[in-house]
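By letter and in written order, the chains are A, B, C, D, E and F; residue numbering begins at 1 in each of them.
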Amino acid sequence: MTSLLVVNPNTSAEMTETIGVTALETGRRLGVEVRVICPHTGPDSIEGSFDEVVSAYWTVDCVLQVPEQFDGVLVACYGSHPAIAALREAIDVPVLGIMEASLLYALPLGAKFSIITTSPRWQPLLEESVRALGHEALCASVRSTGLAVLDLERLPPEQVRSRLLAEAMLAVERDGAEVIVLGCAGMTGLHTAVSSIGVPVVDPVVAGVALVAALAQTGARTSKHNRFRRVDRRAIEHLPPGIARAYQHARA
Amino acid sequence: MTSLLVVNPNTSAEMTETIGVTALETGRRLGVEVRVICPHTGPDSIEGSFDEVVSAYWTVDCVLQVPEQFDGVLVACYGSHPAIAALREAIDVPVLGIMEASLLYALPLGAKFSIITTSPRWQPLLEESVRALGHEALCASVRSTGLAVLDLERLPPEQVRSRLLAEAMLAVERDGAEVIVLGCAGMTGLHTAVSSIGVPVVDPVVAGVALVAALAQTGARTSKHNRFRRVDRRAIEHLPPGIARAYQHARA
Amino acid sequence: MTSLLVVNPNTSAEMTETIGVTALETGRRLGVEVRVICPHTGPDSIEGSFDEVVSAYWTVDCVLQVPEQFDGVLVACYGSHPAIAALREAIDVPVLGIMEASLLYALPLGAKFSIITTSPRWQPLLEESVRALGHEALCASVRSTGLAVLDLERLPPEQVRSRLLAEAMLAVERDGAEVIVLGCAGMTGLHTAVSSIGVPVVDPVVAGVALVAALAQTGARTSKHNRFRRVDRRAIEHLPPGIARAYQHARA
Amino acid sequence: MTSLLVVNPNTSAEMTETIGVTALETGRRLGVEVRVICPHTGPDSIEGSFDEVVSAYWTVDCVLQVPEQFDGVLVACYGSHPAIAALREAIDVPVLGIMEASLLYALPLGAKFSIITTSPRWQPLLEESVRALGHEALCASVRSTGLAVLDLERLPPEQVRSRLLAEAMLAVERDGAEVIVLGCAGMTGLHTAVSSIGVPVVDPVVAGVALVAALAQTGARTSKHNRFRRVDRRAIEHLPPGIARAYQHARA
Amino acid sequence: MTSLLVVNPNTSAEMTETIGVTALETGRRLGVEVRVICPHTGPDSIEGSFDEVVSAYWTVDCVLQVPEQFDGVLVACYGSHPAIAALREAIDVPVLGIMEASLLYALPLGAKFSIITTSPRWQPLLEESVRALGHEALCASVRSTGLAVLDLERLPPEQVRSRLLAEAMLAVERDGAEVIVLGCAGMTGLHTAVSSIGVPVVDPVVAGVALVAALAQTGARTSKHNRFRRVDRRAIEHLPPGIARAYQHARA
Amino acid sequence: MTSLLVVNPNTSAEMTETIGVTALETGRRLGVEVRVICPHTGPDSIEGSFDEVVSAYWTVDCVLQVPEQFDGVLVACYGSHPAIAALREAIDVPVLGIMEASLLYALPLGAKFSIITTSPRWQPLLEESVRALGHEALCASVRSTGLAVLDLERLPPEQVRSRLLAEAMLAVERDGAEVIVLGCAGMTGLHTAVSSIGVPVVDPVVAGVALVAALAQTGARTSKHNRFRRVDRRAIEHLPPGIARAYQHARA
């Protein structure tokens, strides 16, 4: 049976659990096994590039410590998290981030999509990522709700939902969005909050599990030609066990 | 159980069978039902925009005559076939073309992809489609093998394979491709011809079934906001039954 | 004397007549003969991709049934109507759509243009076409009046004019348009409705006749290298006479 | 009768005459009057931006000294010559450069065009202009023949023709061009040199006269909103008569 | 000691002095010598392409009359002034315009920049320049204050400052600008007017002197390969002394 | 006196020394103080995204442990190293990478630049970075020498130089480059190897020190609006001292 690993790159137990609920439910619908992990060290939410650097180090390390085999990996932080490219070099099975997956999922469903994100700092970051992924032509907008990542867990649900809905409506009415993408792992499960506006709403964890599963079930492998060539062998001290092992076991 | 409809928009029985072999095998791996059809009238291969116009008319008609329910549709002609957008308006479940699916499948597997197509006339047509789909930034090249679509069925297999391999090697070595996409429905099953170059090879029918399945199994629906709004009700005479029914049953 | 064929791809007699008034008047100013036709079957207005597929089939057929020689063809539906590329393959003289012509006409007249279209569904469709034609850098906006195509004939003229004017003013004041393009064949003759805003207004039928005439009078021919290579010979049954003849008379 | 002014921005009598032969012949075919002029001072060929600055000053001046009325102006230097935008501000009738006109003419004739220019210095300059005009998506290449502008008049015709043909063939075979555009006013009349390759060849003076005529005959005017707003009134000494008059007669 | 020449391309003594105050102060901070000049003929402010053509002629001439050596040149008109490219051909040391310099300076300081310009006519002109310089992806907006260039000197300072501040705030709040660039030489010294909005404000004369100095102090030279190849030798009468000398002393 | 910090993100003492020689010499020419450091842990060369993740963690940490004040930071790894954005959040003075600096330096010197890099894996990585920095329109090519980063120190100098020269010549002759950029910190000092081709060669460490100095000397600060907002306060255990301090001293 196809087996997927989902890694939440922050250390928040609540968010890992929230992600896990959606991921496991989606796995059941698709007939694939899903395991969800998170690192033990690092920020408990990722609010910018500094957090990404710290988080990427420990996320890569924790994935590379998992002893079992799996057929695909999903990095459940919304954005171009540095762990994604690093893991594509370190292992052979497909590795996707939930942002990339959500956009691939949204593209066939309408002419343009908008991403609804959390704090205003994520707006330029996600615009950068949209461009890096090559999807700027079909992106209607990236809109911020003004909420922090952890507000999604801590604020009254009704307040979270109304902020999401307000921005989604502006995306449809002003920006020409025909599909709404929830732009944060912590928003998983909240698509019903937005469904009243009458356009498809993409849950990034659902999209992520569905697309990694599609690739994994049909035998896809990451290209090792140039961009994601395997890690070079190195002897470096003072590294955590997963990273250390990746360097030691690399080709000489 | 999730059920998919695959339509080959040309009338060639051989090509429909070739597509069917891959589509059914992929369906089995994913646990979804797949049915493959083709129109009874129209060109037996699609070699440009004129053929597309004739084919689209009869393809849309034949899909809209299928009495059973299905959860997703795959249009198995490589390119921006006009039937894709027309069907997105006529029905609610996800509709993908195999070109779009193959590119969504290829994007996470390497930095850039190249498409290997048949005759030189498809090169500018597919370049247009790559731009229409918004993927030009990550497309290394579209390369023609110089073969006609039906040559894929009629020429000695070794000759077809060596032409494919030759262009795929140029795509990797000169154009910087890290993933090769087979750019014709008739090339399905030929990925082994190219696999010796050591980069992932995307079979468009495999990719198409996998992605429509992923969308269908997780409940995706086409956005009916603006671009793919439902067909308007019209009373028009002299139309074939599938098209006529779509106009009659549309909202007033 | 140079002779042009204008085809209205929908079956509306009123719209064909409206188009004819402008086309013939423009022909007189330029010293070229103009003939206007429309298909006998298909939708009486084109409101999306489904209508385009049905319309393209009958439009191509009716053009290919015209027995006389002409020196250029204008397809009078605003958008990337599939009949345009199909006819470029089937015949040698220049074939333009009124959208393409209107943008080529507008480009030298100001820094940026905006297109005023009918229903909201045309907004994403025309944005796609602007990108397909390669003019996105100089397009200030595509704006919808919220009217249906046939509203242009049926609503009180004053209401139509005031909707056009309102959107044109927003295009100039908010979007930076310096030229307004009327984005529907049915809007021909309405440029005076918008002229009060003080920027050039492009009537797409005027632009279409003027540009096809300019190409035809100076001997231009469609390139038959790759993209618009001639149609392949095919023996297909059950096709209408124009399409059937094109396949029969094609090179073997 | 519609009357056009063609200005050759360099002072070469031979090139002015060469341009005149094509322009007058094209005018006759279109039924418009054409007058051809050139400035009395400035470089006798334009080989870069320094020459453009000197040439633009005297070209604008000589156009603004013409006492009669005309309905459109063609600037017969291939490139984004600064006189084009300056004249658009100074007068109301349409002003086109032959580069812009040749590309608008080429676009409907094939999927992609290539420009064949003279010296290698024009290659980056014309690439810049293609981007400035917003046509980079459909430009297959800009290729240099290695000839100087005046070589076109002075070298043995056979040598000029064979250099043009060689680059045009590379444009078609390697770059995917389907239409060849002659990228120098001095190349006018040489399209037969290239016609053997079997794709349409655009003569920029033919295209220029045809498109200015099309705009002029249908009453087009340059937008005076923002980009090409009329010149401000100024009292400046030591200016040549045409420029001086434009400043004096401008609105206060 | 490194020595820079700053040329104000208009003839306004006040603006030349304003520019000089900033340029000399910046030179002192960087330890470079700065000399500021302006032409004796031409418009006293540059309000579009016509003024640019007249100004470029006399600006190039006055720079080429300066007898001393200098290590870099700054053209202090905001925009793609034609003198910049012309001077790059005529001399070897680096030549920058203040627009180009201000954008290179702004790029590393935030995700996106906005330019605040004077009259509405500059908005499309500067958008063209942003695209010509290749920076459109990171430009949030170009906003006009509605002021004329000379209003910056003549209106009450408080009025100028409040217009600047109002547009800068809209750039940050609506357009997503993280850095504000003052888009007119005449705005130099006004950055304090805008600093209250809490994002970096780039003074184009400061940026210009700083970047020309950085290039000059580290020995940069303009590439003479193709685009900015040296001027060809020509014998032309009736030219002003600086231009005449450049043609006479050019390589044969 | 202005004081700059240069950090080599790998742990190679030889490369740190090579970078230091150029950086200090450039600092002397500009009149600024330069200090060069490198982390104690991590890879001794950076050969892809996995190395970047490990290196970024220790690079950020070592910069944030430096007790003295400095006015600008240069990250001396060629590419979009994750430490650059992380440091822009953590500190207020300008932070540049040598890639970004080298491109800003190259842009005013010619029409297009090419980057000569080390191993083939860097080619797609640097193409991604060129696009992320928004400079793709003016990038002629990224070319790989086929050398590993440490080959630059270990191979016979003549071999390194001849590989650099060979690729630089192809960049100029085939790709249209007018400026060559050395695309690796380890190439600093090697510009003389390439200077024989007669176009400007940009040393990325020279460009980096010159541009950080220009920004620092004129008081530039990183925008803290959105993209590079300051790091959030967090209490996380098991972090190295520089990172830990940045989280502890952040605003609450």
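Basically, a residue touches a chain if its C-beta (ideal position, glycine included) is under 8 Å from a C-beta of that chain, and two chains touch if they have at least 3 such contacts.
Quantities reported herein were computed from a predicted structural model and do not represent experimental measurements.
Listed by label, the chains that touch chain C and also chain E are A, D. Of all chains, the one whose Cα centroid sits at the greatest distance from that of chain E is B. Two copies of one chain, chain B and chain D, form a contact in which under half of the residue numbers belong to both partners. For the pair chain A and chain E, the distance between mean C-alpha positions equals 44 Å. Chain A and chain B have Cα centroids separated by 28 Å. Spacing of chain B relative to chain E, judged by their CA centroids, is 52 angstrom. With touch defined as above, residues shared between interfaces to two or more other chains in chain E number as follows: 111, 123-125, 128, 131, 137, 176, 178, 226-228.
This structure has the following touching chain pairs: A-B, A-C, A-E, A-F, B-C, B-D, B-F, C-D, C-E, D-E, D-F, E-F.
By the touch rule above, chain D contacts chain F in their complex via residues 123-125, 127-128, 131. Chain contact summary for the complex, chain C toward chain B: residues 41-44, 47-54, 56-57, 60, 82-83, 85-86, 88-90, 120-121, 123-125, 128, 131-132, 226-229, 231-232, 234, 236-239, 243, 246. Residues 111-112, 137, 176, 178 of chain F touch chain D in their complex.
Within the complex, the chain E residues that touch chain F are 26, 29-31, 94-96, 100-101, 104-105, 107-111, 133-138, 172, 176, 178-179, 198-200, 206-207, 210-211, 213-215, 217-218, 220-228.
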